[in-house]
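Lettered A, B, C, D and E in written order, each chain numbered from 1.
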Amino acid sequence: GCSSQKAQNQNTVTMWVHVSKDDPEGKALSKNISIFNKTNKHGYKAKVEFIPRSSSGGGYEDKINAAVNSGSLPDVLTLDGPNTAAYAHSKIIQPIDKYITNKSDLLPSIVKQGTYKGKLYAVGYQESSVGIYYNKKLFKKAGISDSELPTLNKPWTWDQFLSICKRLKNKLHTTPFNMNLNDRSEWSIYAFAPFVWSANGDIVNSSSTKSTGYFDSAKTASAFKFIQELVKKGYTTLSPKDKGFETGKYPMFLTGAWEIQSLKTQYKSLDWDVLPYPVSPETKKLVSPTGSWQYAMSATAKNKKAAGALVNFLASKEGSYNTDKALGVLPSRKSNIARISKNADSAMKFLIEQNEQSGHARPIIVNYPQISRTFAETVQDVTLYQKNPNVEKVLKKQAKAMQKYLK
Amino acid sequence: MATIDLDHIYKRYDKAENYSVTDFDLHIKDNEFIVFVGPSGCGKSTTLRMIAGLEDITKGTLKINGKVVNDVAPKNRDIAMVFQNYALYPHMTVFENMAFGLKIRKVDKATINKKVTDAAKVLGLEAYLKRKPADLSGGQRQRVALGRAIVRDAPIFLMDEPLSNLDAKLRVSMRAEIAKIHQDLKTTTIYVTHDQVEAMTLADRIVVMKDGKIQQVGSPLEIYRHPANKFVAGFIGAPAMNFFNCQLEKGKVVLNNAFSIPIPEGIYKQLAEKGYEGNEVILGIRPEDMHSEELFLNTFPENTVSAKVVVSELLGSETQLYCKIGDFELVSKVDARDFVKPGATIKLGFDLNKASFFDAKTEDNIL
Amino acid sequence: MSRKKANLIFSTFLIMMLALFFIFPLVWMIASSLKQEKDIYSQMTSIFAFLPSTNPKDWGVAYQQLFSRFPIFRYILNSVVYAISLTAGSLIVNSLAGYAFAKFDFWGKKALFAFLISLMVIPGATLLIQQFQVAKQLGILNTMLAVILPGMSSPFAIYMFRNAFEAIPANVSEAAEIEGAGSFRIFWSVLLPMAKPTIATIGTLSFIGSWNDYVWPLMVLNDSNQFPLQVAITNINNTQPVYMNQVMALLAISTIPLILVYAFFQKYLVQGLGSTGNGDK
Amino acid sequence: MKNKVLRNQIGWLFVLPAILLLLIFLIIPFAMSISYSFTDYNILNPDAKKFVGLANYIQTFKDGIFLQSLRNIAQFVVFIIPIQLGLALGLALIVNKKRPFNLFYKIAFFAPVVVSLTVTSVLWLYIVNPEQGLLNSLLKIIHIAPQPFLTSTKQAMYVIIGISAWQGAGYQMLIFLAGLQDIPESLYEAAELDGASKWKKFLYITLPGLKPTTVMILTTTLISALNLMTQSMVMTQGGPEYSTMTPIYYIYRTGFTDRQLGYASAVSVIYGLIIIVLTVIQRRITNRKEK
Amino acid sequence: MATIDLDHIYKRYDKAENYSVTDFDLHIKDNEFIVFVGPSGCGKSTTLRMIAGLEDITKGTLKINGKVVNDVAPKNRDIAMVFQNYALYPHMTVFENMAFGLKIRKVDKATINKKVTDAAKVLGLEAYLKRKPADLSGGQRQRVALGRAIVRDAPIFLMDEPLSNLDAKLRVSMRAEIAKIHQDLKTTTIYVTHDQVEAMTLADRIVVMKDGKIQQVGSPLEIYRHPANKFVAGFIGAPAMNFFNCQLEKGKVVLNNAFSIPIPEGIYKQLAEKGYEGNEVILGIRPEDMHSEELFLNTFPENTVSAKVVVSELLGSETQLYCKIGDFELVSKVDARDFVKPGATIKLGFDLNKASFFDAKTEDNIL
């Protein structure tokens, strides 16, 4: 009858995810959901809608926006790490502390990116990292011996890195390093902020209220000077060619963990490995980027318990393991590191280790998109070194610009 | 099956300064065959288009079967029309062009088929039924336009120069066909033509127009024999009637030094009664009423005038002579046997019994 | 004669070069979908970029992977249904409006038309949220109507149709009117067939517009079984790692129907009106 | 006569479906946009929006990026219109004539319209790559120093203009082609007998015959040029230093990325007004030429 | 100022199965005025268009002034042409339409102005110079088309039914105008018409066509008096020549029960020599060569035949009688005075001196 129908409705949890159901991630999620539907003891039923996103965030985020503006959000949704603050601030999502078990097992970077004003709003179910992929054959050709290669404990300093670049360039007559400087999207802050943090600089203060005094500090400037130096000397390029590294044009390539799979399946003949981030010669502190998509409960969730249970299950050791394994990505839980590493290749192992050791979450800011973009503009400005030779000046201007977005 | 009443109708086009049709007043009886003639641009097509409902009537009322139809849409007037410029549907074949009006009226396929093929046969278009208009010759297109109207069996039939692009032979047979259709279907017909033979042979009544105004309405013979004014007299008949501005002097028409011919008594009496004696009149005389046959010249020696032939055109059965009497030019149509070389002098006998007389000012017919 | 021929060869050569300048991405796309990814980039600077793999075994690989990755046929079917419905709807709705603007003197016509033209300036891309709110109010979310209705009426298409109908000489529609055709009949049987070039143009453009739309269908549909092909394209193009040969294969699958639709409508564009029945316009 | 006027009202019936759809999916949303423009509407927080009066509008005039984007789009429009129109007309004239390979040409010229920007941008980025790009290699042959193209604030917009013209010309070609089909062949015949050369025929028959089409294409090209977004978004993300930022991209970014729907609405209203004024002026000019 | 040689020219339209023009062989002398006549669709316009260069020649060579021009573009042939369907430039005013050809040839403004206004005067278009073609009547449009060609002073002038939409009067004056232009400018002219009067009066030579083939080329009189075959005989002359399939028996033409008339001796001798005695021949006799005048009937009593009048059409100066002799129909044209009521019986005298005789099989003229 009528009441049982209602009960059933109340036990149904709707969920939106940003991937296609045909992707490995979508398939893993489908599997998780069916496990959840079978194993949870309260008769909760999760129903997922797959809404693939485009690179600019179009599609999925447009749909979330539209739903927010017409009150039709699902109970559970996925969101990208940097969106946590904005969503929490706007009360689109609600704290989930009390639903999440075994929090201490989560990597600190995961907790950090999901926390806003001291409360946990979202849990990541995977991690990411970036490294310098290098072409072994080209290195050999340039006469760089294996003993000169850096390790996690002894990374290259920026100066060392520059000299390596110089050797590569002189020997190979090619641009030595591709760091995707033409990508002015999220990549910029994600991949280059670690340089800033390595120099003990920062983008904003820890409470995310000030950028002046941080983003325009001398420490921050040293990182941007390093980037400018790379461009000025011709060690990297503003307009890299697609798949230049993969086809042997660039000896070094700064990119994410996803590259491993591509190299393994499509460019089998390339002989490569991964190196850690170069570090500031002042601090010698290794910093690497982190961040990932997370699960959260919408503020309008009808059955919070059910939604909480779903989020908890998906982010649990088992749930996240299923996903991470299928995707071949970095785990979000300490307890999964060993399990994942076991079957992973050396590069993956390396990135997991680098992440554990040096991962640094991006700042939690309500107006994060603006901050991210301002960062990217800053990178771009300093790389136009002829127009903007003075890094400090650029940073001063941009810090002020950022300050406008901070409340 | 339909009467048409045009009550003092006026038409001015939107951007035009002048009226294209002025005070057009005509009452067309059921089953009548009316022919409009008049110089190019005199408003024939415009009048037709008003009757069809394609142009607004600026002033006046139009009645069909006694009912005012000024505001009735063309499609509800049940009129078939042949357009002066054909207006064929370029994307349809000849067959489809002809069938369209029937299809619209939901006539069944078999009937359409029969009607269209019948019409095509009559029009000599059977071989072209599958062609598009662009692949037809001018005359073929015109016949399609005619066929499109014929198949309709509408009670009113408007035709705007439907045969102008056909050769003489086809014209004659088409003309006969139109006459036959008219007799069979008793369709009230208005027909615009510039062909005098068509006008003469087809019309119950001819309407002669000029500058948007009716000049005369009458049977072909009436119009030919008793033109209401100099315009009509000059317009009807080819070559046109010859006009001479003469003096009426003592029972004779006198043209400066050129001729002086006695007027038949009955006619003179009328002219004199109306006070033209001693005054100017316009003498109108048709080319065929100037004779060169011995017989006539001998019988009416006083009516004879000498003229110099300037051009002589032989047209099969007859000859047209363009002559001069002093400075006055005239055309005469004589038997082909009387062909004369240009430059020769010829004697012409004026048959004043058949002549017309017009007032020199108003140009209206006096008699 | 020979000069004429030389001229022809010369102009053919020039135009051919120009054509190649325009078509090279299409060729590259198709060639790239027929090779291994690594070849796409290693051959980038040579003529081989525009040739498929020399090993015919490679040709189907990307497509195979693609079909195992996505239910392509379902997506294509959805896209085709949306595009055809939207195109048909757009042709009807806009041509009707164009007809009204061209052949009727209704009250407020001029003002309405001017207003319509000014509507063209409204950037649709920035109104997504508002349009979504309206669609929600109408209760058509998650239906095909929500996908096709918003793009159906377009001031531009109305404008095109109005121009086309105005160019048709009045007496052709008058002839039909006298033959007893009503306004709609005249439109449908006489004027519309004569506006074939415009139908072809608007048809092509609507179809392409609908086919390439990604964000809007995604917003108004929840069931991924209803998604159009573009969703797969965007997805494959943005899910790391990006396999370029698969992307190219999918793009080829998506582009070729457009080329076919275009080539099909082309027929009407060449055919045109020829000369009107009387050549008297 | 009155009745004919009445009969003409059936026109309303025919425009109704179109107008209704436009009302629902364009006019109402735009009206909502106008009302949002007076608020601090944040997409993520619709319920918290407050009326802020003209604040958004005032800010617009102080917004350096927006003003820069206006300058950019002006530059874009000034160049793209003659280039693209000329190109499109040229292409239409080429394919309007019966020639060998005609269908191939038609497909080729139209190909950039249907081929995804993903494909074309990859290729064009390769071509205009400052280091060893095809274009610079060609320039080298004629002894011109390599150019920075998209990485230069001066040149980026011109590259976008060139690529946009290349990509969009096929679209206008199609419309021109439809217009060309409406010109009766007999007019060309008459003109040819009057002694008109190809150029004269083009000048005196084609152009006047294309007049309504050209006016329309001019209007729509202007409008679509003013709506430029994707090329900038995909190829340069508005950079470098906002030299390829366009108003619509900016509105999109402000509204969706930055979530400031209220402010974005104000910008789009202002921009809409600017476009309306421009198109009115443009129509005036084209209409005056007519007389 | 130009000769035109058409050497065995053929034309087949792209999609057509049949040739529209077959083996067209004609040599036009400088300054000649050639008139094409023939039934609708016989290929007149097509031939004109080939000469103008608007249609490709499928086979054969075309020479202008002795130079092969098959591949010369129309604009380089320096030809002025009046199109059957006018082909006016819709966006230009009447003035601009007429001035266009001159403007293209960089004639100076003053000359253009003068020429156009002169032509407009001749054509009665002065009042319409500023109008667009859409606002003109049919005849006005046709006159613009004519004017456009006239102003050009081209050495070759092609006219495709240039007067078909004009009224008789205007037609006569336009015809005279064309004759005058031809005389003044010595333009080589080809003129298509379906109007016999135009053909007869204007032509130096008439070309009669049928189904794309030339039937006869000759001066108007030749064509009228000595038609090459039955088709030409029937086509030229209105109403058409009457044909009777007769037996040639002992110096007489005999038609089953209907008549038996002695043939003038000279003619009979020729027929007999060619072996027709006792065989079938087609007797052709023009309507005007059947006389109803007493004089003729009395002079040639043996030539008299009784006929029943079916229809009687009075056309001003003459009467056309549609009669029957037994089952055979015929038309005769008699003096208007001899108007007879339908139903009456009339005596007609056949003037066999003017008759033609055709082979019953080939239909070629025997004499």
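Definition applied: contacts are C-beta pairs under 8 Å (C-beta built on N, C-alpha and C of every residue); 3 or more make two chains touch, one makes a residue touch a chain.
Please read these numbers as outputs of a predicted model, since none were measured by experiment.
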In terms of Cα-based centroids, which chain occupies the most central position? C
Selected interface, D-E versus A-C, where C-beta contact pairs are more numerous: A-C
Rounded to the nearest Å, the gap between Cα centres of subunit B and subunit D is 59
Counting only Cα atoms for the centres, state how far subunit A is from subunit D in Å. 37
Distance from subunit C to subunit B - Cα centre to Cα centre, in angstrom: 57
Hey, what residues on subunit A touch two or more of the other chains? 58, 62, 65, 69, 241-242
Please output the residue numbers of subunit E that touch at least 2 other chains, ranges allowed. 83, 85, 87-88, 90
Residues of subunit C that contact two or more other chains, please. 44, 128-129, 133, 237, 273-276, 278-281
Under the touch definition given earlier, write down the residues of subunit D that touch subunit C in their complex. 5, 8-15, 17-22, 24-30, 32-33, 36, 43, 94, 99-116, 118-120, 123, 126, 132, 134, 166, 170-171, 174-175, 177-179, 181-182, 184-186, 212-213, 216, 219-220, 223, 226-227, 229, 248, 251-252, 255-256, 261, 264, 268, 271-272, 275-276, 279, 283
Touching subunit E in the complex, subunit B uses residues 13, 15-16, 37-41, 44-46, 84-85, 124, 135-140, 142-143, 160-161, 164-172, 194-197, 200-201, 220-221, 224, 234-240, 286-289, 313-318, 333, 336
Residue ranges of subunit B in contact with subunit C within the complex: 52-54, 73-75, 77-81, 83, 85-92, 100-101, 104-105, 132-134, 141, 148, 152
Once bound in the complex, which stretches of subunit A touch subunit D? 56-58, 61-62, 65, 68-69, 86-87, 89-92, 175, 184-185, 237-239, 241-242, 367, 369-370, 373, 377, 380-381, 384, 387
Interfacial residue positions of subunit D with respect to subunit E in the complex: 184, 186-187, 189-197, 200, 204-205, 208-209, 211
